[in-house]
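Multiple structures follow.
After this come two complexes, each holding chain A, first together with chain B and then together with chain C.
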Partner chain A sequence: MDPTDPPAPKSLLARLKARFNKPKSDTTRSRLRRVLIIEERLSKWLPYIKFLLFTVGFLWVLALPLAELGKETYIDENALSPGHIRPQFAWADVHSADRWLDQLEKLRDSNATSEKRAEFISDEFRKLGLLGATQKYTLTLVNETRSGVNAYAVSPSPRISGTEAMVISASWIGRKGEGNGDLNLRGVAILLALAKYLKGSSSWAKDLVFVVSDGYLDGMQAWLNAYHGTEQKNLKVESLPHPSGVIWNALSIDYACHSFSHLGIFHEGVNGRLPNQDLINSFERLSRWTGGVPVVMYDHLGSQLEPPVYPSWIPKFIRQNKRFESYWQHGRNTVRHIGYQARGRPSGIHGLFHRHRIDAFTMYAICAQGPHGFYAMGRVVEATLTAMNNLLERLHASFFFYLLTGPYTFLKISSYLPSPVLISVAMMIQGLTTWSQAGWVLDVSGKTAITGPAASKWITRRRDVLPVAMTMFFTHVWGLALFAIVSTSWYIKNIQQAVSLPVFVLFASLPLSILAITRKQSPGEAPVGLVLKALNVCFASPIISITSVLNFSLALSFAMLLGIPLSISAWSRRLPVRIASYSIYALLALGWVLFLPEETKTALWHWEIASAWFAPVVCVVYAPLVLQAGIATLLTR
Partner chain B sequence: MLLFPFLHLLALLFVPLTAFAAGHGFAPGQEEKVKRFFNKNGGSTSKHTNNWAVLVCTSRYWFNYRHMSNALGMYRTVKRLGIPDSNIILMLADDVSCNARNKFPGSVFANPDRALDLYGENIEVDYRGYEVTVENFIRVLTGRMDPSVPRSKRLLTDEHSNVFVFMTGHGGNEFLKFQDNEEISAHDLADAFEQMYQKKRYNELFFMTDTCQAVTLHSKIYSPNILAVGSAQLGQNSYSHSNDDDIGVAVIDGFTHHTLQFMEGVNKTSQHSMKDFFESMDPEKIKSNPGVRSDLFGRPLEDALITDFFGGVAQVEVVERVGGEYDEEVEVVEKKARKETPGVSAREVEVVDDHGSDGWKKVRMWGVVGVLVSLCCWSTL
Partner chain C sequence: MVLLPRLYLALIVLGASIPCRAGLSEYFNEKLTLTPLRDGKVASTFSFSTLLKGGSPRDPSQLGEDDESQHYTLFPLGLGQILREYGVAELHLSLNAGKWNYDRWGYPLEPGVGTGAELWAWLGDGGVRSVDDRWKGLRSALAGLFCSSLSRLDEHRTTSPAETFKPEGSLPETSHHQLRHASLPSENVCTENLTPFLKLLPCKGLSGIATLLNPHKLFDANWHGLGVHVLWHKDEGVEVRLTFQGIFDPLRSAYVRKQDWSFESLFARKIEKACPVANSSEILVTLPQTGEYSISPEPTSIRNSMAVYDTKLVQKPLNLAMSWPHDFDHLAASSTREPLTSLSLQRTLRESSQLDGHLTVSLTNHKDTSTDVLYLETMPWIVQFYLHTLVATVEGRVKVDAVSNISYIPAIPHSRPTTFQAVLSIPPNSTLQLTMDVSKAFLRYTEHPPDAQRGWDLPPAIIMPLDDKLNSPRLYTPNILVDLATPDFSMPYNVIIFTCTVISFIFGSIFNLMTRKFVIVQMDPKESK
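So, the complex of A and B:
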């Protein structure tokens, strides 16, 4: 072969061979080097990554109401077939509702007792040929005892065994003002008229159960407990004489005023449970197209009817932007939703059904001069019940995790979940950074001008986890004690008075006793404060991400409240700064004891009646986490 | 006295002559005459002698009411045009007429005017509810049945049968869903039709489907003499036609509705061709583009009458008359064949065997023997 020839094929092969047959030690070394480089770059960029995650997470929260993030609602379940029926609810039925309303108003004016009311209603049910009955219950709360009587009736499905049932309910007290408002007389009247009318149809494939519950939430809780045989210690209930099938769906009617212009959707249940979205979507479509009644979220009327009041700090050019209007409206709905869901508070009596795996919502008639009344309400309820009647299995096709930003726009879980999760990831990075900071320190003592940075070396420190873990455990036990005190009748009775300040001071100051028992640390040990911060942040982060799939709003609230404060807790050289920062943490953890007595009371009430977890979670999870961050700022280095 | 034996001889002489005449069949012009008689109103070029229909609704549940009424609408049409219940296999996956949600119990209406109750009179459902499975459907087509299955559930066709297969339900690209738990694929269908062809279970077959992406279902068929039409192209949905506000569901699909509408103008003696039928389909009205597949079909579409598939118009097949011994022998062969290949229909054997010339020889032989014997008898008298 001519040596001047281009050594194309052979040398290429040789090169390839060389590439694949490198000595093994070389690969390992280069891999190690690569890993080291990546690690170095990552650790250099880590603060920026953390900052980016925090920023994106918080901006995402602000972006939730954006129309671009949302999607239009749609009906996923074929079987529902909404809107295929022409409602037959007619003016004669409106007339009967009017007559019942007259009698109910007489009962109200005569201050009739619960027994008398329930007796009247169940009698009317029986007159219609339904299986009507009453149910007494007594609810014992820490500082009061409520008793009432429910009335209900079962209308068995005419042509099929009633293995499934639908519930149409109306509470005696409406949900206006969350149960402190007007009587839901028209709701009860239309329920009676519907009972009469719906019984006349032979095409119900499920039993119809009509429930007029006493009180606001208490009556329905008692009825549901008796229906499902659920034991609740503080609730004594009479058993129900007329059984029916498994309840798949329920709707509750809330209609207090003379007329209404819109129907509002209330759908949040206890502990943030939501009904399947198909139910709400079919109601929305049916109300809008079959009943001719526009639907809104909650009692938030659209901007045409209710000119939005923007805060003055929003710049004018933003306020005048057309898209801002929808952003504002969606934002209002989102905030209201988060308010109910994060606090685990049901937004109506429907919220009590969700626990029993029943999809339920409340249709709330928004008071207006008109144009709608019994006629429209009857037709919408009939159409919605027909859609439920078409179901062959429980609602399952559509979403259970969603955020309704408007009556026909929603966010999928993938569109809203990242916000708390990103913040929680940023916290985890912060926690792990702090953990390695506690364990490693750069020794610069041997550094000279000549040798330069090469002479400085990392030395390890011993991280004492046990005392830190004990401290964390202690604060959570302390939180449990706080909950025990707060839920006593003594505390609730005196909540408005001077009792809250001593409780605050006691619970905020006692954790300081830890400082007294901490010993002086040797130089070879990691600072306790730093280890505490690391574990605190690393503990809070998974709490947020795990909660985010159970109760998104609660996770989001935790992320907003804990994210930054826990990550920036730092020890200061000056004592006043340390004390000031601890006080801020104490306020963040326990400020509600001082400033939100009503809120506390309501949360405790919901805990007692419906086991809403919010009150214990705040006392046992949230407050201790913030207190731990406060203690971390105080602990000496 | 000689008169009687003479007459006897004369009669005996006629025996071979009549046998000869029988062997040759009718006079040359007779077959033509018969054909002309039956075809005097135009007539069909089809050679079939009997009609069968397999009508399948593969979906259950109340909200699929329309699929039940699609199948029942076809059932009514083929019955009206003359296919008897004994020749119709009706498969309905659900019984909407008795559904508790049905405001009109015992009735199925395919139109909101509710003028015509499709469930009104004399409905014979052969396969119902959970019996409607892919397996049963293929068994019906191919005839591979358990001996215990009654005749009413079998498709007893032969090579002279024209078969109309109608399927409706929820489908997709090359599949049709049965009952929410299984599917039949276009390949399964094509293979089933091929088995039918090989076992001589049809003369011509018309396959009609009303489902989303229906044309994909007949895209894999490869057996001859099959004509197919589907309601929608690949990627197209097949939409429902009308909704009844009282029943509360869609009551019929667009394609079937317009097909039935066209069929209402057809009677037993109509001369409409399949071409007319396909040309009547208006994609605007149906809201999808129906697809026809005629490449496997042996006849021009304008010669194929609608009644060749939808009607029960009788055709006469002119066959050679054969002697008793021939029949006996065929029977023996049939029995043998059944023993050897239990899955194969005996009819195949009948067709394959060609003993006609042997039979004629024997007849002639016996004729000669008869003459000789009679001559002997006469001479001894």
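So, the complex of A and C:
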């Protein structure tokens, strides 16, 4: 306190008066003084704040599977009323499923063509009095052409106007091993049995649409495109003769083995879209309590049935902790989820529905010796359909943004979003610091140390934005070129052979040409490397924070991969170090060309069939950003 | 027990002997038509018609004056009073549930089969009360009489497509008449509508064919709907026809193999006694042309390959039944035969976003000659047409001359619906596809219904073949559900608070910048320490 101030008055009122009756002329000055103090302290603490944000951000990622951060799932939409549902699916229907399974197995053993299979299924639908039909499609990919035939049937429910519909689907090939799995024969058989049984009720408020799609993803994509009139250049589809209403909800059945012990939830859609959480919650409740089948995430059985394999570096006392077991289980689910969502890859055929604003998920029967079979599956599907049927409106009450860490625990958006956002904020601070470092330099030449910092002088430098922005722009164009090459049939065909190395070398080395064309800088100019680093980090930061609300997992992966590397670029002036670090950046940006050929192929396949954005985003956004950091490192002299 | 009908009759005779309205005589006829359909279902049409011999609609110019007294014996008084109060010349009301499948079920006996409620009336002009004023009153009165939400058929839904809804009876020549038509696709029909309907019948649901109107069974039928039709025949009088149509499915359960049906299985009732005041009371059963079947009891007579039963003559209780010796074959029924109607209809709305959509109407002509149809859309204003995008294609090729005589009354937002009418010519054995872009309205937040996230039901389009025949049947396309941009009603205060904060923040900073005076303040560097 200033000693010239009058002594503090005793009464509170007088003190308040003194506070408000300060001389007016002083306010502006004192406010400015306050601002200056805050600014100075902030700039002094900035590196620590940045470090703190990075640390908290990364720790938060590790904390995601913690039970303390999660919440128990609950049903938000009252109309679903899962507690009132009593499924009537009976043993007689199990018998009809068994008969159909026999016929389907015969078809499989006789190597029946798609056409014959679809013809058989649609005839079975029509024998039940449903409006059955088949649909041919041809998918033209860069290196192959696939064609197939879907079978489907509309069961026009009595007494309703037919403006709404629900879809029950089963793909011919199951999702085991992501589409290279067994035939989903039991899924198709139970679907037929359900079609027979469900049409007998007059209380459906929506039409029932049964779809047996050919192939794994391709058939369902063709059917959905035809149903919604969506044009897709590489997919020729036949139109559907029996239209039905607006689809709000859909479920798909994946049941390949003889018996199952648990049902797994698969819910990720193309480009990371998720169905409304109420749908999954009601399925979980109905399966667990009404159908008597325990529910797990994906095909991850609980730790009692599937003893977790911990890495050996985790100390024993942690490994034996009961809470760590649940952390590990949740962590596994989270990593699996991020794997699907970040890559924009649908975790089953349900993922293709989300684009059309349809909430859908797959119930996956986990192979086991028992105890469940057609009976339990039929009852669970019927109960879940009844819950969907109870809806008067689209699902809207519950969450669309969530992270299911377990079948009945989840993270709300506020509990998971901060992790990438904190990292992106730290990057923004780093970028702005670099920007001011590039523009201002402390001139201490000719001054002695005694005069101290007050005597030193800040000199402004000219920051040339245009060449830097052009460099950034060209790296992104370069990324586009990379994507164009990678998605050619020539590349995909020769991906295992010697093609990837030349492509890597070409794309990693061309940005080096920037070195040749950079001119000598005048002393009044800011170093190009520093400006590039500033803009690069400032550009990457909003990309992460904006992506975090569109596709959390992708944003998180970006934050993990870009956060530190982009912030520490341009740190050394020695040429060998610079070149070495550039090659590390190049590996980080384009290493997948060399080391992940299968991954690349799958990502491209999903781009072609379902417009999953992952492949172009990696080529056009991610790789150029890392290359820019590499160039910034190279340019630092 | 024997005494009761006689007492009833005596009362009626007593009632008829009271001097009333120049002694108009009344006739009541009832008829039930049952048709086994080829997909195994059974179509039933109840028709109860009361004729007020010599009666005529009220002259609209006398609406302000006291009306002559109304004494009816058979004619429904509740309806008669409404008709005279609003000077209605002709009236048609239908309340339906389900989707009529023309391909499999053919033309219905009563053409008004659009899903939901539909009301149309011809009203004379030129009195103290305007047509629109009386139309409003008529809607509300009928809403009260039939316990349905007909008062929601307001000016947002009222149109006047006189070409499609021509009068089925005659209109008095004393004044000019106007049509008012409105449909409410989301209206349901249930027991609360049937009870007042039965009250309008002279024998209620106690005897005669009306015994079979058992709500538990009727409202479980795949398609069901009731209709009220009031017509004036110039030389005969005013006719009120009450109808109930239903499509029953004896094969609904997957474990039933035969398409057998009986009164007991369809309606869970039998006809115990005839309606004593009915002039005629007939049950007609369409007999299948092929295959083996048996029908019991023996019909009274056979007419045009229809078995006719006179409820007064047949032995009671009457439990009419048909049975087949063989199991029903769905596959053969669905794959081998042509559609029953010469036209097949499809209408879809593809919604690319919350603001736009693409309306497609497909009409397939199964005949060997080309056919002209009148196509009518009465769309609420929430869906607006881009008429310049209207394209007609036949088998994938654009056909410019397929659409002619377009008449279009555009919608007025928040008040008037669109009326779009055009003549389409469909070549023989081909499909005409009409496509048009539409824009979807952005509603005021108070205009959303309570179940906002469901979307809006759009009324059926109406197709009328323009054949040489008079009174060609109207065909109704299925309804459409349209999604409009809907706010998140679950947390309006969050939205309001968030929006207000953003706006005040933007306004505050701009206002601050505009009113602030910028000066240079010299600060001693030591001061900031």
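Everything below uses one rule, namely that the second predicted complex is superposed on the first by the 606 of 637 C-alpha atoms of A that agree within 3 Å, B and C clash if a C-alpha of one lies under 4 Å from a C-alpha of the other, contacts with A are read in each partner's own complex, and residues count from 1 in each chain.
What we mean here is this: contacts are C-beta pairs under 8 Å (C-beta built on N, C-alpha and C of every residue); 3 or more make two chains touch, one makes a residue touch a chain.
As the structure is a prediction and not an experimental result, all values here were calculated from the model.
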{"item": "Overlay on chain A: chain C relative to chain B, clash or fit", "value": "fit"}
{"item": "Touched partner set for A:H396, first chain B, second chain C, both or neither", "value": "second"}
{"item": "Which of chain B and chain C A:T386 touches, first, second, both or neither", "value": "first"}
{"item": "Residue contacts on chain A - larger count, chain B or chain C", "value": "C"}
{"item": "Which of chain B and chain C A:L128 touches, first, second, both or neither", "value": "second"}
{"item": "Which superposed partner A:R159 touches (first chain B, second chain C, both, neither)", "value": "both"}
{"item": "First, second, both or neither for A:G524, with chain B first and chain C second", "value": "neither"}
{"item": "Touched partner set for A:P502, first chain B, second chain C, both or neither", "value": "neither"}
{"item": "Once both complexes are placed on the shared chain, angle at chain A toward chain B and chain C, C-alpha, multiple of 10 degrees", "value": "40"}
{"item": "Contacts of A:R86 with chain B and chain C, given as first, second, both or neither", "value": "first"}
{"item": "First (chain B), second (chain C), both or neither touched by A:I37", "value": "second"}
{"item": "Touched partner set for A:P542, first chain B, second chain C, both or neither", "value": "neither"}
{"item": "Minimum Cα separation, chain C to chain B, after superposition on A (Å)", "value": "5"}
{"item": "Footprint overlap on chain A, where chain B in one structure and chain C in the other make contact", "value": "158-160, 202, 392"}
{"item": "Chain C partner contacts - residues on chain A that touch it in the complex", "value": "28-29, 32-33, 36-37, 40, 92, 123, 126-129, 131-132, 156, 158-164, 196-197, 199-200, 202, 228-229, 243, 245-246, 357, 392-394, 396-397, 454"}
{"item": "Touching residues on chain A, where the partner in the complex is chain B", "value": "78-79, 81, 84-86, 157-160, 201-205, 386, 389-390, 392"}
{"item": "Sites on chain C touched by chain A in the complex", "value": "39-40, 97-99, 101, 115-116, 185, 219-224, 249, 251-255, 330-331, 334-335, 346, 348, 350, 358, 360, 451-455, 457, 478-481, 483, 488, 490, 521, 523, 525, 527-528"}
{"item": "Residues of chain B defined as touching chain A within the complex", "value": "61-63, 99-103, 105, 243-250"}
